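The same chain A turns up in both complexes below, where it pairs with chain B and then with chain C.
== the complex of A and B ==
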């Protein structure tokens, strides 16, 4: 089970991406739990997540969140992938990063 | 272009990061967020109380129900500073990993202590009352200052170890409840001193002092429709460089809360809304999401010839109708894209000016600030419920204006995209 946490300022646009990522995960046959939250709620959710993805509009907070969540990978979603809500691509990148982190 | 954008990002992004991670700013923003159940939840009653059907409003008045409905707003949005005094202190302490409830309670107590508690109704006769104005628009600035300062003092004293240490055998709940006693004693002596000092000034109390000295110029600057238009045009420009304007706008929060609450207070009292032009201009600036991207989304859906924009239009239009414009901002892209920089900056200027014009023409005289709806509600619906049909038409006109502004730039981008697709 892979737990992917998405985060942006309102939690709304990321929830659209979540839907697409979940669909992509089902197609790939991977068991995942993917959900989106607002930036202020990261504390409550960081334990459960294996990896945290940030919407590009909160990329300025990358440093802060990385220091808060030092044990897990945190990265910013690419602008174009986010804009086109490319769930499959973002899912693949997330899985890749998780694979890297384990090695 | 990308070099410039990169250097802008390198220099400004860390600053934005610092502002948004600042605990004071975070607490103020949380304050606004936690009052939403109160302000949004009372909307239903607010809409019903002022529903523009004469037969209905007459019945409300004659049946005696109206005062009860007014009281619903009167206990919530009207006195929002009261809630802020607790919530902001709570959040600030919680962010610093200290006991939020205690900080909140101390802040709330201090807030009330500092306000006038007696009202002179005639020579030699006073009554014990708390005035709603201080609990509302005239108290917002003080509530924020009070919350942060009291919370900070509490945290400082708590960390210094001024707690009463009780023996192990005493149940934890008992020690916990007595712990803050010493700290509270100190805090209330400080608050007493503040009250005495300000009592000797010409203003008589902290609230009138702050409102007349600090709040007044800030409000004058921050709520002038022209400065708001300029600020948001700048925010749009920043967005084009990839900088989310939320850090900037969160700093403006005290101004917003004060203005909106003061409008509510005035509406409840039946007087002229002091910040009507400000509030209306603001919603016009924000129509369709930052930069008025709804217009661009409509352009895409209606006129796109390239596959790229046809797809993006379909994807982005529904969220944008609900004021969520990240898909289009990142997908067009508007960000880092010189093509859309001009319309993005021009849009809020045009729509803001339209808003100001409509206010001056008197189209928003019936504006009801007690009706608050989630920011995701499409603008025409919001305007219909807050003001009326004319307002809904006006805001729709503003949306059409954004579509017109974006059109030439969109056409250019569409042509480029089509050329690229045909070349493949």
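== the complex of A and C ==
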């Protein structure tokens, strides 16, 4: 099971990306839990997440969030992938980064 | 996803990045790196301009009689755009304050 947490300022637009990522995961046959929250709620969710993805609108918070979760991978979703809601690509990048983090 | 939804995400993604640039710019100015702050303001302005351009295409369509269905997502995109615009003005003023300190 891979736990992927998406975080943006309101959690609204990101929840649509979640839907697309879930569909991509099912197609790939990977068991995942993917969910979106607003940045203010990160404390409650950071433990469960294996990887944290940030929306481009909170890129400024990358340093702060990374220091809160120490070694857990955190990255900002590419502006093009976010703008086109490319769930499959974002999922692949997340899985790649998780693979890198384990090695 | 329909055309308007795609446009909304393009707006959110561009102006959201702009907003982030402005916040980062203030932080850099506070830490004394004014040239980095200026760079981030320029990047933010470009992103805001892009978002505006996409939004303008919807306004133009409406002026020409092709109405867009109003969705919560579109309102959210406009909300993000307005907050980015405000933040842009404020961040530039703050950076000037740091520069003249």
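We take it that the second predicted complex is superposed on the first by the 103 of 103 C-alpha atoms of A that agree within 3 Å, B and C clash if a C-alpha of one lies under 4 Å from a C-alpha of the other, contacts with A are read in each partner's own complex, and residues count from 1 in each chain.
Following the convention adopted for this analysis, a contact is a pair of C-beta atoms (placed from the backbone, for glycine too) under 8 Å apart; a residue touches a chain by one contact, two chains touch by 3 or more.
Model, not experiment: these values are computed from the prediction.
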Q: Name the contact category of A:40: first (chain B only), second (chain C only), both, or neither.
A: first
(Q) Quick check on the superposed pair: does A:82 touch chain B, chain C, both, or neither? Answer first, second, both or neither. (A) both
Q. Is A:26 contacted by the first partner chain B, the second partner chain C, both or neither?
A. neither
Q: Based on the superposed arrangement, let me know which partner A:64 touches: chain B (first), chain C (second), both, or neither?
A: first
(Q) Does any part of chain A touch chain B in one structure and chain C in the other, and if so which residues? (A) 8-10, 12-13, 16, 55-60, 79-80, 82-85
Q. Tell me, which parts of chain A touch chain C in their complex?
A. 8-10, 12-13, 16, 55-60, 79-80, 82-85
Q) Which residues, counting only chain C, touch chain A once they are in their complex? A) 1, 6, 8-10, 12-17, 19-21, 23-24, 27, 47, 73, 76, 80
Q | Contact footprint of chain A on chain B as seen in their complex | A | 13-14, 16-17, 20-21, 26, 29-30, 33, 242-244, 246-247, 311-312, 315, 319, 324, 326-333, 335-336, 376
**Q.** Touching residues (chain side chain A, partner chain B) in the complex
**A.** 8-10, 12-13, 16, 40, 55-61, 63-64, 79-80, 82-85
